[in-house]
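Letters A, B and C name the chains as they come in the text, with residue numbers starting at 1 for each one.
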Amino acid sequence: MAETVLETEGLTMRFGGVTAVDGVSLKVRARELRCLIGPNGAGKSTCFKCLCGLLKPTEGHVFLRGEETTGWDPHRIAAMGVGIKMQVSSVMDGLSVQENIWMAARRHNDTGAATAKAEEVIDRLALGPIARTDLGRLAHGERQRVELGLVMAQDPWLVLLDEPAAGMTGEEVTRMAEIIHEMTRSAAVVVVEHDMQFIRSLASTVTVFHRGRVLVEDHVDRVMADPVVRDVYLGKQA
Amino acid sequence: MDLSVVILIEVLYAIASLALISAGLAVVFGMMKVINLAHGEFMVLGGYATITAVGLGVNIFIAMLIIAPIVVGLFGLVVERLVFRHLYGRMIDTMLASWGLSLMMIGGFKMIFGNTTTGVAGPIPGFSVGNYQVNGYNLFVIVVSVLLLVAMVAVLRGTRFGLVARGTMQRSDMAAAMGHSPDRVYMTTFALGSALAGLAGGVMAPLVGLVPTAGAAFIAKAFITVIAGGPVLVAGLASAAGTFGLVNQVFSFLVSPVVGDVALLVAAVVLLRLIPRGITSRFFRGRI
Amino acid sequence: MAMTTGRSAARDTGVVVILGALLVLGLPLVADTNMLTLLVIYGMLALSLGLIWGFGGILCFGQAAFFGLGAYTFAIAGINIGESTLPLVLSVLVPAAVAALLGAFMFYGRLGDVYLAVITLVFSLILFRWLNTTAGPAYVIGNARLGGFNGIPGFPLLNVPGYPRWELWGDPLYYVAAVALLVVFLLVSWLLRSSFGRIAIGIRENEERVSLLGYDIRARKTVLFAIGAGIAGLAGALFAAWAEVVTPSLFSLQQSAEIIIWCIVGGLGTRFGPVLGAAVVTSVKITLGGQAMLDNMLVLGLILVLFVLFLPRGIAPELARLWAWAIGGNRKPVRRRAPRGGVADG
């Protein structure tokens, strides 16, 4: 059994009177691929933000590689070796692809090694032709790919991705699934997603969120066959 | 007893004058998220308008309450069309351009009115409370300020413009989607804010010796009052002016007026550090 | 700005040193060194704001506060010590330390742009107000009387280190100041090429993303802010040595406004722009000082408004484009988004 790299205990997040995440306990093991799914408002994105430090949970605990990180600032969590990509594409627009990726690589490498690492990531993601282009001039799909490059360049042991396939074309989605699978060779990957087709192509264990709680947790094929899950997605009461 | 009455009047006056000099800036900032750094010079323009009108034989109350707001409101309209209209959505650029405008106006005042102190006599005599002399005009400033805040609430609650204005403050894109041209709303707002600055300048004119550079003293105080007040217009204005006016007067009374000013500035810095989005981001949410 | 390889770094340094040396030696042939000294000092001050604003995205409305602190430190320490070498060092360290405290206070509080502007503006205003009230004999630091509105005269001028009697003024002061500017310029260039500088530019572009990469942006911004203040402090010390008196007006709003105008006119996000802007604007101001028709501030204000409206990227990028066009036009200069919030490209 691989070690547990991410664990939450009774994670709860309230906004005023609304409980967005309600007592969620998760365990993700090393090199595991895990999708968090659920209809809109199920609490998966809020849970995601608690994991990467953008929100401080009201109650409960988050452990990364056994260390409690509840309430840490995002930069401390990222510095541990956690690669994070938010839902809205967020990059350094005025800088080139190479400069963006170099900056991610520089966190855990010295200058020379960071340059080499950036080179390597650019090759792996086939970004060579646009390496010197400013991010502000790139199309949406390319920006998403560069952002994955930022995550890769950090050499993470845990990757957190919030809706990585949003707004992509079919071909780009396939390519994205390949990249994610490649990442699991060295890291556990947690993907928040609601595009069922994409989740199917990832073929992983999924955790279904509903009204802030974990509804089921199983392999994607079995989850898809579950009538309760279907009802949740189709809007019936579970 | 007499002393406490005098101190009470002084504190109320400090609060009222802060609210008065900040009102125009707050309207512009609240509606357009634009910081007009020429606000102090707009006030000085109102002061000069008042003094000039009085010199021409106009009744002083008409001069400060009607002529000054009209003159400065029209001036605001012109610069909004010429300059600020092109910069909406570019907050820092707007701030810089308004700073440039402020320098230009100071230069203009120096050329027209000369680099000397001009003044106008206060129209209301002082009176005494026991052994203490109270400036009667201070009471007038308090009354004007209270009436102004009441009028602002009434306009925001009761008129069509107020409704559109409140909508724009919440979500400018939504107001635009409902068919209210933001361009028109912004133009009107800026002119109104300028008129309020003119009113404040006119009312303050008898209290301060007017020099071309007098605006700097106003802008710093107005600026921090508005920022510390936060997103809610009238409640923010009242609460921030209340806090700073009190701090200012307590320290002025205990130590000296200069220390009072410094204490006000220090209080502003500390308050902003504690509540970065202003008082009304935490209290009075959803009011006006 | 994309100076990644060692070779281009060496070439950049070479160009700066040669051009700089030519300017330092050549300008006295065409202009009065007394005025040139002032331009050099203002250039350094502009560079300090150009660094933190143009490359770090920190808009400080009170950069004059650190300029004034440097000047006052130089004067006060000079009176107490009796020579100027240690005071010169202190005039860099004191503003840097004050800025580190103020910066930590602001950046760890996650204050936005406008709030940052307010606090820096208020900070310089507090110093301005307070110094104006220090006229009485009670306000002394060691042997130095603060002197209120009139400031502090009669402190030791810049001297050759170790020889307090060899004071530098006139032409020698010009050469010292000009070489200091050149050295500071090279240090800033080096800083921007370093990892620290490149990450600072990343923070300017997207603060949240850089923090999600694992960098502590609060600490980095605080350090950059302190470095800018140190440079402003050095400029302040040189100004004190040039003017031979320091007054509270160094802390005034107008002084802060002028620094911002220099940066805008010259061009943000470039190293040379702010220095050029300071020289151009100050020359215009001095020329205008000789006539009585137009008021100085009217013209300065007009310049600021016109640049914000019509040339928000400043002179330097336009000059660079002209230069590229002049030497053949095949290499288009890289046009980057202006670092200020939301300036349209072009």
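Everything that follows uses one rule, which is that contacts are C-beta pairs under 8 Å (C-beta built on N, C-alpha and C of every residue); 3 or more make two chains touch, one makes a residue touch a chain.
The shown structure was predicted, so the numbers you read here are calculated from the model rather than taken from an experiment.
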Chain-level touch network, classified as line, ring, star, complete or other: line
Centre-most chain [mean C-alpha coordinates]: C
Label of the chain whose CA centroid is most distant from the centroid of chain A: B
Chain pair with the greatest number of C-beta contact pairs: B-C
Chain B and chain C, separation of their C-alpha mean positions in angstrom: 33
Chain A-chain C separation of Cα centroids, rounded to whole Å: 43
Inter-centroid spacing, chain B versus chain A (mean Cα positions, whole Å): 49
Chain B-facing residues of chain C, complex: 59, 105-106, 109-115, 117-119, 121-123, 125-126, 129-130, 132-133, 253-254, 257, 260-261, 264, 294-305, 308-309, 312, 340-343
Chain B - residues contacting chain C, complex: 35, 83, 86-87, 89-93, 95-97, 99-108, 110-111, 216, 220, 223-224, 227, 258, 261-262, 265-266, 268-269, 272-273, 276
Residues of chain A that touch chain C when the two form their complex: 52, 73-76, 78-80, 84, 86, 90-96, 99-100, 102-104, 106-108, 111, 114-115, 134, 136, 150, 154
Chain C to chain A touching residues, read off their complex: 2, 4, 195, 198-199, 201-202, 204-206, 208-217, 336-337, 339
